[in-house]
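Several structures are given next for inspection.
Here come two complexes built around subunit A, the first alongside subunit B, the second alongside subunit C.
Let's turn to the complex of A and B:
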C-alpha cells in the first residue's frame, strides 16, 4: 500500500521498530517529504530524534507516506500516491502524517513519529482511531525535520495506545544543542496520582462547541470522556471557545508564509533528481520550470498564498496579533482548568466524494490549529465508535505539561467502556 | 564636493574560523566545496545554531565604532532567488540590528573627519560564484561565512574620503581582532552608493580595494555629472567597476523596491546582550588606530 515509501533493509525486532514520516531525515533511507522535488534524496545526516531512537534501542522500520512537504490535511497529496484509510474505506485518512496513521491502524506499525504544524499528527490519528500527540513547542528537536511552518512545526509520537505514545515521547523529548528553539526539559514522570490527589481534583475544561461545529457522535465522544473523569472525582468547568474560523484563517496566513520561505530553496539544482530539461533560458526560467513541474497542485496554491501574505505585511501582522490573542485565551483558560477537552474533528472522516468540496477540506483542522498557534501540547484519543465511523477527542494541556496530558489520556483510555 | 553624497556598505568576514550558523570550518585557499555541511548547502532539515564567538566579534566592532548596541536584536530572513543563495534566503538582521549609530574617524592629513554610521549587523555570506564563459561555478565554502555589515550614512562627500573611510574601517576591525582583513582572500568587500546633486542613488558593487573605491567613485561622479549636464536622467541602478576601463558599467536596474519579503527567522531566538558582556568585551579591546593617532599627536 502506498503508505510505505521506503522500508529498512532488515526488519526490526518486534516492538522495537518505529516508522518515520518521510520528512524526518535519515541518512540510510531516502527522504522525499512526499514530493517529486526530493525523489531519491539521500540526506547526509540523521535527525536528532532518529539518533535518540537508536540510542534507546529502537530501529527505524521505514519511511511513511505523507502529504507533500506536510502541506495538506487529507492524505491525498502525496506525490507517490494517495493513502487509503484502512478503518474507514472510501473515506479520507487525513494528513499530513497519513502513512504513519494508516500503518498503525492496520497493525503493520505499532509506533511512529509524525509531524504536526496545524493538525498533521492529530487529524489522521482521529480518522484512524489511533493515538497522536503534538508536544509542547520546544520540547522535541526539529533538527532533521524538513521545515514547512517553522514557528509551528513539531515532531510527535503516534501509536495504537497512549502507553506507546508516552514511551516514544520519553525517548525523543529533551533539549538539543542542534536546535536553538529546543530547550524544553526531558520527559518527567507521567503520574496522574499527583494531579488527582485528595483535595485537588483535576479540573476539566469543556470547550464550547457551536451548533454546526461538530456532529452528534463527536459530542457523544466528549460526554463519554468527561464521564470517565468526573466519576473519578474530576470537576467539569465550562470554557467558552474563541471563534475557531478566525484561528483557521490566522493559521493559514502564518503557515503558508513560512512554507513559502522554507520551500524557496527547492530549485532542483542541489537536491532531488538532476534537472534534465535541456538548455535553460536562464537560471530563473529553469527554476520556475522545475518547481512548476515537481511541486503538486496543493503546494503551488499554498506557496502563492504564502508569497502574497509576505508581500502584504498587514495580513501577516493581523495573523500575529491573532496568535497573541489565542495565547492569551489559553493562558486565561488554564487558570480555571488543568486540561481542555473538545472534539478532534467536525465529523467522521469525509468520503472521497464529500472531500471534493474545498469547504469540507478547509474545515478539517478546525479544532486543532488553536493549540498549534499557541505552541501547546495536545493529544487525540479515539473513543469507541457509536455509529458512523471513528471518533476522537482532542485534549490540551498548558505549555510544558505534556506529562499531565499523557497521564490524563492514559486514565481516560483505561476508563472508557 | 558639497553636492555629492556617498555611502559605504562594508562587509567584513568575522575571524571565528567557522560558519555563523553551523560548525563547518572557514579556511582560506582550500579547494572549492571542501568544507560544506548541511546548513551551508541548504540541505532539507538542517537547523541554524548561532556561534557566540561571532557575536563577540560583532560586539567588538560595535564598541570600536562607538555604536548604540541593542539589548535585544533579532534575525530575519531576506529572500531572493540566485544560484549562490542555497536556502533561497539569507539570514541577516534587518528589523532589529545589533547596533546603530556610531562613527568612523577618518584621518585626513593631521585632522580627523568623522563619518557617521547607520548600523552594524550580523549576517551570513552567500556562496561564491565564478563565471567562466557560459558556465558558472559555485563554491559553497563561502556560504554561511560570518559577516558584519557596516553601513555609513550617505555623508561622505569625496572619493578620497570614501577610500579613507574604507581603509579606516578595515584597519580598526583588524586592530580589534574582528577580521583578519586579508583583502586578497575577500575578507572585506565594499559597495559604494553615489548620488550627485540630490539625484538618484547608484550602487557600485564589490569595489574591494581602497584604490578602486576612489577610482570607482571618481568615475561615477563624473558619469552622473555628465548625464545631468546633457539633460539626461540618472537611472537608479547597480553597477560594477571595470578595472580595465576605470569606469563603472551597468549590472542590473534597481527596479523600485526589490521584494525581499523579510520575515523574522522562527529558528533563531532573539539575541540578548548583557551589560556585563559588553563591559568585559570593552575591557579586552586592544588599542585602536584612532587612539594610536591621538596619542601620537600628543
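Let's turn to the complex of A and C:
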C-alpha cells in the first residue's frame, strides 16, 4: 500500500499528529499532488490550514497519497502507486483522499485533512469505515491547496470518529485574507453531547432513493440512522431527490472545465523534475511531450473533456443552469427539514475486478456531488450493517450549519449499534 | 455547438489540452477517445435537458426537481426504506413512525 508519500522527520507526540493529503502545501515536506508533474516540488509556504494546525499545537505527521491532482474516485490513480483498502482487501479504497482514509482505517493516524470537490473526502471515508466532512464552501481557506475544480474544491477534516473531525474543524475554520472566497465565520459552539430529545424536535429529511440507486445494505444503514434520531424525538419527512444522473453530468462538465483551466499552468519547466530535452523541438513541442508523459490516464481524460466543455460553451452553460436548479432544490428542502439523510454510496466498495468497468466508477459519487454543486456542508458516517461491509450514511445540512451537522452526526454515532 | 478549432472535437480538445496523441500507444489513445465520448454524450444529454426546460418554462410547466410528478425524478416513495431494511433483517419498527409514511 502506498498511503504515505512523505513522513515528517520526527514523529509527532501521540494525539497531536495530523496527516495531510498531498495537495495541501507545506514548506518542510514536498507536495506532489500525486503527480509526476510535481515530483520533488517543495513549496515556499504553508497552506493556511497548516499554519492554523501548527499554531494550535498540532504537528504535520506527513503527506498522504492521493489520486493525481485530486482527479479520481478510486485511489488507484496516484502516480506513485495505488492505495489499498485496509478494511476491505481486494476492493477499492475510494478517492481521491485515499491515503488519508487508509491511514486512519489502519490506526496509523487518527486525524487528517483531505480535500473534496465531488466526494473526495466522503467516498474514501465511506469505503474505510471512517468519518469525513466537507465543510460549507467558504468556511475553510483554500490558500495553499493545489487547485483542481476551484468552484467546488474544499479542504475538510477526516478522522476515526466525529469528535476528532469536530476538533479539526474548530482549528481550520474561519475567514482568511489570503483566500477571498473564505469569508465564513470561525467555528462556533459544537455541542457534541447535545441530546436531540431535548428542545425543538429535529426534522430529518429522508432523501428518496431509486430502486437501482442503492443496495439493501445501504438502505438498512439509512433505516438504522433514522431510527436513532426518531427515537430521540426527531420528525422524519420524505424529500424527493432530483435526478442524480444529471447532477453527475453537471458536476463532470464543471469540474473538468475547471481542471483544464487550473492544470494548464503545468508545462514541465516551472515545477517538477528537469526535462531532459529529448527530441522535441521548441518550447511548445516540449511542453506537449512533457504533459503527455507526466499526466496519468485519468487526468488526460478530464483535460480533454474539460477543454471540449469549456470551449463548447453550451455544455458549460447547461451545467451552470443545472447547478442553480440543484441549489434551489436544497433551499426548498431545508425549509422543511434541518438535516438530509441518504446513502453515502451505491454499494460496498467494488472489487478491483468490478472497478474495471467505467460505469461502476462513474456512479461512485452519485450521492455526493449534489452538495458539492450547492456548496453545502455534508458528512459521511460509518454504519454497521448485517453483512458487515463498510457502509455509511451521507448527512447534509444548510449552508453554514456545520456545527449542527457535527452535533447531529455525534448523536447518531453514539446511538448506532 | 462550437467545437475547439471547428474540426473533429476529440482532436481539437486533445490539442487544447496540450497533449500529444502520437506520443501515446494505441491502447491509451483508444481509452482516451472512449472516455471522452462517454463524457461528451452525457454532457450533450444535459444540454438537451436544460434546453427543454428553458423551452417549456414560459408555459408554467417547467420541471421542478422536487416535484413528485416530475420526469426528472427517478425515485420510489421512502416506504421502500422500511421494506428494504426489513429484508436486510431489521428496522421493522420504522413502519410505525409517523412522518416517514405520511409526509
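Here is the rule we go by: the second predicted complex is superposed on the first by the 403 of 417 C-alpha atoms of A that agree within 3 Å, B and C clash if a C-alpha of one lies under 4 Å from a C-alpha of the other, contacts with A are read in each partner's own complex, and residues count from 1 in each chain.
Throughout what follows, a residue touches a chain if its C-beta (ideal position, glycine included) is under 8 Å from a C-beta of that chain, and two chains touch if they have at least 3 such contacts.
Bear in mind the structure is a predicted one, so any value in this text is a computation, not a measurement.
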| item | value |
| --- | --- |
| Subunit C versus subunit B on the shared subunit A, clash or fit after superposition | fit |
| Touching partner for A:287 - first (subunit B), second (subunit C), both, neither | both |
| When both partners are placed on the shared chain, which of subunit B and subunit C touches more of subunit A | C |
| Partner chain in contact with A:261 - subunit B first, subunit C second, else both or neither | first |
| Which of subunit B and subunit C A:407 touches, first, second, both or neither | neither |
| Superposed model, angle subtended at subunit A by subunit C and subunit B (C-alpha, nearest 10 degrees) | 80 |
| Partner chain in contact with A:206 - subunit B first, subunit C second, else both or neither | second |
| Contacts of A:33 with subunit B and subunit C, given as first, second, both or neither | first |
| Subunit B versus subunit C as contact partner of A:143, first or second or both or neither | first |
| Touching partner for A:155 - first (subunit B), second (subunit C), both, neither | neither |
| First (subunit B), second (subunit C), both or neither touched by A:113 | neither |
| Touched partner set for A:216, first subunit B, second subunit C, both or neither | second |
| Minimum C-alpha separation between subunit B and subunit C after superposing on chain A, in Å | 7 |
| Intersection of the subunit A residues that touch subunit B with those that touch subunit C | 260, 264, 267, 287, 307, 311 |
| Complex contacts: residues of subunit B adjacent to subunit A | 38, 41-50, 77, 79, 81-83, 86-89, 259, 261, 263, 266-269 |
| Subunit C contact footprint on subunit A (complex, rising order) | 206, 208-211, 213, 216-217, 219-220, 222-224, 226-227, 230, 235-246, 248-250, 252-253, 256, 260, 264, 267, 287-289, 291-293, 295, 297, 300-301, 303-309, 311-315, 317-319, 321-322, 325-326, 328-329, 332-333, 358, 362, 385-386 |
| Of subunit A, residues touching subunit B in the complex | 23-25, 31, 33, 38, 41, 43-45, 47, 142-147, 150-151, 177-181, 257-258, 260-261, 263-267, 269-271, 283-284, 287, 307, 310-311, 316 |
| Subunit A partner contacts - residues on subunit C that touch it in the complex | 1-4, 9-10, 12-14, 16-20, 23-24, 28, 31-32, 34-36, 38-40, 42-47, 49-51, 53-54, 65-68, 72-78, 80-82, 84-85, 87-91, 93-94, 97, 99-100, 103 |
